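In the part that follows, the structures are each spelled out as structure tokens.
In the two complexes below, subunit A is the common chain; its partner is subunit B in one and subunit C in the other.
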Partner chain A sequence: MNENEALEVVLGILRPFARNEQQMAAANHATRLWQDLQINSARFIDILLAFEDRLGVAIDEEQAEDIATVGDVVQLVLRFAAENPDAVERARREP
Partner chain B sequence: MSPDPLHGLSACALPLGNAWLALRERPPRAALRALRARYRELTEQGEPLLVCARHHRASDGWLLPCLLAAPGAFLLHPRRRPWIVADPRSRFAGRLAPLWHRLGRVISVRQGAGLFAHIEAALGIQSKLAGGEPVLLFPAGDADDDEDEPYSYLVGRTLESMPATRVLCVRASRGALDHRVVAPTTKHSGLRAVRELALAVRDALRELDRAHS
Partner chain C sequence: MSAPPRVVVTGLGFLCPGAHGLPELEALLRGERAPLRRWESLRAAGFACQVGGLPPEVELEAYLRTDQRYATNSHMRYAVIAGLDCWRDAGLEVPAWDAPLVDWESGLVLGTGSGGMETLTTLDYEAKLKSGQVRRLGGAVIEQTMMSAASAKLAGLLGLGGRITTLSSACTSGTEAIAEAYFQLRAGRARRMLAGGTEGATEATAPYVWAGFDAMRVLARGWNDEPARASRPLSASASGFVPSAGAGLLLLETLDSARARGARIYAELCGAHVNSGGQRQGGSITAPNPHGVVRCVRSALRDAAIAPAEIDLVNGHFTATAFDVAEVQSWREALELAPEQMPRLQATKAYLGHGLGASGAWEAIASLLQLQRGFVHRALNCEDLHPALAPFARSLGSECEANPPRVAVKAGFGFGDVNACVVFRAWSEHE
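Presenting the complex of A and B:
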């Protein structure tokens, strides 16, 4: 999986949780989750759980505490892809 | 005396809140007596206690502690006065926010500060609870906005880390007052447990709202 494919997976998972739809439509690696997409801590946990479900991985808060941008999430997904390529590839193919 | 003189000073503002409640808000007396008796009972036991509510008015951070105990009670028992979790840039407190945060028993956490800041705040809350001091927060934000859950994570994280914590859910708006004690549990662990516990409290607050709408 390359960065663009990971970005595609990440944006697909983030979309339902973003409060700022305009920013979501134009989201890229630099988009800030908390400020730009107006995702709060509860939504952020929902997002992590959605990643767990879609990618078949377990995420703990320590792995996620420094995530600030879409690009940070992409890097996390790329790490998961290295560990579990099949699950991430499945997530990419799902709508 | 209050352990912190500045906190004692801000406690002096609470009787003003009581006067405001009596003159303007007029909570039903029976409900007020029941809430105060419950709060006294829970705080006397010294068990970890979270007080959760939804924002129905701008001044809730000031008025809710006044509802929890009789005038002067927090001067006599300062450790029973709840710490309040609030955003330092809160639109509710406006220009007075910095003063309020300086004087009051406030645990500051910016709503958009990222997970790390919220984890730090959750640890702060847990340290107060472990010391037998209650903490008040508004996990589900404004009652008009069902999508917002600014501090829901803090509730879930605290309940997951301290399962013995009890949650006093309060519904207070002009002329209406109700409360319910919940002690949510979960079969999950980790993040899923955090979220499930947070949702249980959010739903209890929503139910209280529905019962009075």
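Presenting the complex of A and C:
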């Protein structure tokens, strides 16, 4: 999985949760989950579960605390993909 | 000290079985057929009563953006649909989701019987707990199951900054919410209050929400093949109520506020009272103490400064259980009128079923609609009037009348022996 593919997966998961649709439509690596997309803390919990369902790997609490931007999530996905290439590739093909 | 402000109704929003909005409600109430149906999900669950009422599908895109639809259950969605309809009906604007202003002068009191209990099944709550998967419940349980879920959702969409609350008093809830909002306005604590009731259930979740009522044998029996005739208040063949779901909202406003913005006025809410029979003197968790009912009605009329002879329309609680006859007797005692002098007694549940926490608001709106549109709906499904009610036959008209009522009294009673009563008067600038 390359960086563009990972970005696509991340944006697909975030989209239904973003309050700010304009920011969501223009989202890139620098877009901030809280300030720009206006995702609240309750939705963030469900976003973590959605990643778990899509990638077959759980994001633990410590990793979750470091997430601030779309780019942070993309880096996490790339790391998962490197560690569990089969699971992530399967999830990417069968969303 | 200045007199308490007068309170008027300036907006209505309505969603019930067979009707979304006032024109559909009017057509329904002028007709002769209840929009209640038999549901496969109730049959499959083994219900004795497989008849119920669910509202029509509504395009949610007109009410909620994608992110706003997330984490909503039906009692929240119904409240949002009726609430935003009501706000717009009153000539007010629904603000953009990111508009910075707060409306500090407006509040919201919503009633509900069961709240968001359906979410416990749609999220598979029990299975997740039993398999040690609490974390898989996610972040959206509480905002759907907290008792204030629906009022919180609706108030957030409108940016309301007054008192926002949900109250729950079983089948009294919708009527009590209207009374409570009226008390707030009379006390000068707000200029506008949204008030009403909501009750959740979809075809998939209705069995969960209604099962307890079927199991306690208070739902209509023997009418599964004739669902439109199943809700039979005041009849000899009444065998229990037909459950239904939806929401109804009213915008109550001080007369000064309504005049200042040139609002259209449906009617004046001129009196209200809420009490309990103490679960004594014949009252219990499931039965009303008739003395409590009588006191509640009399107190509301005293608050309204309305004499019994001025009342044109009584919209009762009448659920099609054994208590209908006792309720008629309580009305007679409260109004101190001979049976042949009684005003029209009306059972709107014959059309809409029993919307539990929503029904008080539905029936208040039905009463207001009849005041405004100048008609009185027929007594449906009681062609076999209960024999004990024969002296009242004149008050239980079998035809839809074009006699415009001017004063309507709406009362609701609920499990827990709780009562609420509100009094509406057709609007006149001169009074």
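In this text, the second predicted complex is superposed on the first by the 93 of 95 C-alpha atoms of A that agree within 3 Å, B and C clash if a C-alpha of one lies under 4 Å from a C-alpha of the other, contacts with A are read in each partner's own complex, and residues count from 1 in each chain.
FYI, contacts are C-beta pairs under 8 Å (C-beta built on N, C-alpha and C of every residue); 3 or more make two chains touch, one makes a residue touch a chain.
Not measured: the values here are computed from a predicted model.
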First (subunit B), second (subunit C), both or neither touched by A:20: second
First (subunit B), second (subunit C), both or neither touched by A:44: both
Subunit B versus subunit C as contact partner of A:35, first or second or both or neither: first
Touching partner for A:1 - first (subunit B), second (subunit C), both, neither: neither
Touching partner for A:87 - first (subunit B), second (subunit C), both, neither: neither
Partner chain(s) touched by A:67 [first = subunit B, second = subunit C, both, neither]: first
Partner contacting more residues of subunit A (subunit B vs subunit C): B
Subunit B and subunit C contact sites that coincide on subunit A, given as residue numbers: 19, 41-46, 49
In the complex with subunit A, residue positions of subunit B that touch it: 111-116, 118-119, 147-154, 156, 190-192, 194-195, 198
Subunit B-touching residues of subunit A, taken from the complex the two chains share: 19, 34-35, 38, 40-46, 48-49, 52, 58-61, 64-68
Complex interface listing, subunit C residues touching subunit A: 65-67, 70-71, 97-98, 136, 138-140, 142-143
Interfacial residue positions of subunit A with respect to subunit C in the complex: 15-21, 41-46, 49
